[in-house]
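One chain, subunit A, appears in both complexes that follow, with subunit B as partner in the first and subunit C in the second.
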Partner chain A sequence: MGFWDYVGSYRERLLFDAYQHASAVLQCVVVATVAGVAIGVLTYRREWAAGLATATTSAVLTVPSLAMIGLLIPVVGLGVAPTVIALTLYGLLPVVRNAIVGLRGVDPALVDAAKGIGMSRARRLLRVELPLAWPPILTGVRVATQMLMGIAAIAAYASGPGLGNEIFRGIASLGSANALNQVLAGTLGIVVLALLFDAGYVLLGRLTIPRGIRG
Partner chain B sequence: MADTGAAIELVDLTKHYPGNPRPSVDGVTMRIRAGETVVFVGPSGCGKSTTLKMINRLIEPSSGSVRINGEDVTGLDPVKLRREIGYAIQSSGLFPHMTVAQNIALVPRLAGWSGRRVRARVTEMLELVGLDPGEFRDRYPRRLSGGQQQRVGVARALAADPPVLLMDEPFGAVDPVTRGHLQDELLRLQRELRKTIVFVTHDIDEAIKLGDRIAVLGERSRIAQFDTPEAILAHPADDFVSAFVGTGAALRRLDLTRLRDLDGTGCPTAHQGEPIQQVRGRLRASAADEMLLLDRRGRPLRWLRREDLAHTEGPLTEAGTPVGGTVTRDATLREALEAVLTDSAGRVAITGPNGVYAGAVHLEGLLDTVRGLLAADRRRAREHQEELEATRPGPTLPEAEEVTAGRVEGDTAGRPEGQAAGRPEGEAAGRPQGQAAGRPEGDAAGRPQGEAAGRPQGGAAGRPAGEATASPAGSGATGIPEADIAEEPEGDAVGSAG
Partner chain C sequence: MSAPPGTAPGADATSAAPGTPVAPASPYPSGSPDGSPGAAPAPYEARPLRITWRKLTLLPSLLVVVLVSTWLWFRHAELDAISANALANGQVWLALRQHIALTAVSTFFVLVIAVPLGVLLTRRRFRAATPFVRAVANAGQATPAIGLLALLVIWLGIGRTAALTGMIAYAVLPVLSNTMAGLRANEPTLLEAARGIGMSPAEVLTRVELPLAVPLILAGVRTALVLNVGTATLAAFGGGGGLGVLITTGITNQRVPVLVLGSILTVALALLVDWLASLAEVLLRPRGLEEGP
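Showing the complex of A and B:
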């Protein structure tokens, strides 16, 4: 069976896996973004706190993904839970790091001006600092998404959702007729998803970065 | 919006940063009147900005208090307080991700104005600072020139109509030409609005141009002198101030007075078509040598001297010499002096609206006027200084270690006796004799001319007027004892001028 014949005949299963893959990544990115920006906001003004946050998230990233999921299985069991936890943790680093860099990169004179015209701390953060730090944060989110696309494939090891199932199925049955097609379909599917997401980020950037600071 | 300013009072305001043994701002006490522009000027790092920021509590004072219209603001919610105080900073501080309109609308929105009122206010503010609302409203700051950004910055600071406006080196980052325009603009605005403005700069010329009063701040923000620009130019309180004011104080003083502020600028006039006998009679009756012939619309036409009138038989419009340059009543004394010096006969006609005759100035008259102004400035400055010293605790002179012996000393003579006596002996002795000695002890009335021109330099102070003007390199002679100059052959001094 040729590759395209394979894709044609298993279209529904592939689409379902792709949808689950995208959905898992998207949800984890959202959680990682919210948590990452929150960590950034809480730490960027103190040197030691920001250092600690960056170091911790970096350390998480050095744990091999297979090992991470393997370690999570005894704690939270199989399925969706270890997948979501692992993906979110991996997604934190780029977001936290870029949030800290972005928030620190805001011209202190502007923060001073915001203060000087009577904006409260919360308002300064929401109206001035976060919007100005948004382009680097968005870049961080984009990097996180690309990373999680690949890592999500490992989730199938813990019976998680996504295109990783296709790849693992192929690897498990190497030598059989469709083994190569399965691995190929899973991998290409992930690449295509990643490209689609990236295009989505370009669009999101256009929509959310104010014209005044767009590069 | 007339007279919306509020009085500000700083009482023993002090800022102590932890880990720093000396306070950054040390006991500043001053009273700023409602509707006046006060400029804090001083060298970099003297704490002038810190002092300013304590007024809106961007920096919390360690001790002392700030009263605005009598109310102690150190107990208020700082966020609310700052909405009542306009704040403009260097390089505008505009938020790049907001349009011009959004930037200006910030404070009114914070204050909870309705959308319609905010929009109207944005338009009004843009017009006020001379930007076309239709063109600029929706632009982002990066698409504005530096000067335009600064204007928007001022518009934003004024948007909620605060009684007080704090400006922290607002024009520091723009080119000199634009800065000049912005300064003129601010003066115009201030004439309309009469806010209480506290303006920080390290540029003494900017301070002189903008300030109703100038506070020259020394180390740790101690007030070295707090007075009108005229007084500071005419009578720097101490070495620090005179060093800071720099050279050419008397010439710079000329920028501060305009012809319309003077009285007694005039000369006899004749009207086109008047009988010549009548005109002759009028000139004879006056003390002047020259009169102005005006055309039918009252505009200066020709200068008529006595001789011209005596010899002419034809129409007056062909007698005498045509009027060359004129200056307007709004010209500064410097511009008038320039015109008078350029004019071959050393006088120019002053014109009002539509070029109508408004007076005339000649060189001697102008010099007398300037001398009179300087003398008055000096007298007032000395009075103010004595008042300030009477109210201020502690030593007012720079401490002994700050005074260097070899420094050219411009103004001991004008200082109250007690202070001069309190100085270290060695220092007085080390001062070039000619300057201290050559200065008249009394008031400026009897002062030699050279002093007015050369004052901050000190070099020309003791010298006779002729030499001071003859030698353009006058500063080169600074510090040469009197005797040396006297021994110089007269011809040399003249030669160096040519």
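Showing the complex of A and C:
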């Protein structure tokens, strides 16, 4: 069976896996972004706290994903839980680091001006600092998404959702007629998803980066 | 896998390597925690320590605590036949040795391929190839490591060769883009000056360009090492051995002790390798590039 025949005859299963893959990654990225920006906002003004946040999240990133999943299984069991926890943890680092770098990069004179016209701390953060720090944060979210695409594939080994299942089906049936088709379908599917997400971020950047600071 | 650090598609000067910001910022961090104090050292004064005690002792002591407690737990753990079988006859040592060998060999080849290629691609003659290389690099970043590995296993057969090829292919890109970014970031006036005092192109490369790019190349090496420790766990899926064998055995047979032992050893190895690489990064940086006045 050729590759396209295979894709045709298993279209529904592949689409379902692709949908689950995209949805798992998207949800974890959203959680990681919210949590990461929150961590960034809480820590960027104190040197030691920012250092601690960056060091901790980068230590997490050093841990191989299969080992991370292996350590989560005894605690939360197989399936969706270890996948979601691992993906969210891995997604944090790029967001936290870029949030801190971005927030620190805001021109103090602008913050001062905002204070001068009577903005409260919360309003300064929401109306001035975060919009100006948004482009690097968005870069971090993009990096995180690309990374999570690959890690999600590995999580399928712990019965997680997504296109990784297709790859592992192929590995499990090495030598059979469809092994190559299965691995290829899973891998190419993830590449396509990653490229689609990337295009989505370009669009999101167009829509959300304030007009005044667009390069 | 994609283990950890991938490279930022938009900002290849600053890969997501532990220790460098994932941001389109300057490649040289403005405040290194172990940098020397601002004043220029007097000629006979003791040179400032490049590595602080905390950096030197914190992680190793943490690892010792974790490993000793794991060992104590295992001495008293009740292992059933399947677990005992999976761990008997020095299989744990074998897996650990295989893992280290996979990481070392793949990192060696990654450097041998990526650094010269980076030098070549930044020469004027090959500058036209840059967009092509960037496109390949971006597509490569999007490819999941496990898929790449599985394809290679189908193509090359089960065993070490497929695993190593996959690991090398996967880590070449970040190191390549770091090398190229490092060479490009060099001050053009310095190269001009080097040419001006009569250096040949080869001399300019070996005596000016490469030494100046050392910090970024070292950051790339660290990225490669950490990536490879992670990707080596996936070698188990292609019969390449390594600590991934313990993890996958633990998962498929539902034996928590095997799973936890494999995971803890992998994590400890990854943190240790990253720590060693971070020391190397500090120690091998040319003195002249340290932050001065």
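The rule we apply is simple: the second predicted complex is superposed on the first by the 215 of 215 C-alpha atoms of A that agree within 3 Å, B and C clash if a C-alpha of one lies under 4 Å from a C-alpha of the other, contacts with A are read in each partner's own complex, and residues count from 1 in each chain.
Note that in this section contacts are C-beta pairs under 8 Å (C-beta built on N, C-alpha and C of every residue); 3 or more make two chains touch, one makes a residue touch a chain.
What you are looking at is a predicted structure, and each value in this text was computed from that prediction instead of being measured.
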Partners on subunit A (subunit B, subunit C) - clash or fit: fit
Subunit B versus subunit C as contact partner of A:91, first or second or both or neither: neither
For subunit A as apex, the angle formed with subunit B and subunit C - C-alpha centres, to the nearest 10 degrees: 90
Which superposed partner A:109 touches (first subunit B, second subunit C, both, neither): first
Touched partner set for A:164, first subunit B, second subunit C, both or neither: second
Partner contacting more residues of subunit A (subunit B vs subunit C): C
Touched partner set for A:40, first subunit B, second subunit C, both or neither: neither
Touching partner for A:82 - first (subunit B), second (subunit C), both, neither: neither
Least C-alpha distance (whole Å) that remains between subunit C and subunit B when both complexes are overlaid: 19
Common ground on subunit A, meaning residues reached by subunit C in one complex and by subunit B in the other: none
Sites on subunit C touched by subunit A in the complex: 1-6, 8-11, 16, 18-19, 21-25, 33, 139, 141-148, 150-151, 153-154, 158, 226, 229-234, 237-238, 243-244, 247-248, 250-251, 256, 259-260, 262-264, 266-267, 270-271, 274
Contact footprint of subunit A on subunit B as seen in their complex: 56, 58, 79-84, 86-87, 89-91, 93-99, 106-107, 110, 140-142, 156-157, 166
Subunit A residues touching subunit C - in the complex, by the definition given at the top: 51, 58-59, 61-68, 70-71, 73-74, 78, 90, 93-94, 97-98, 101-102, 105, 136, 139-140, 142-143, 146-147, 149-151, 153-154, 157-158, 164, 167-168, 170-171, 174, 179-180, 183-184, 186-187, 190-191, 194-195, 198
Complex interface listing, subunit A residues touching subunit B: 109-110, 112-120, 123, 127-128, 131-132, 210-213
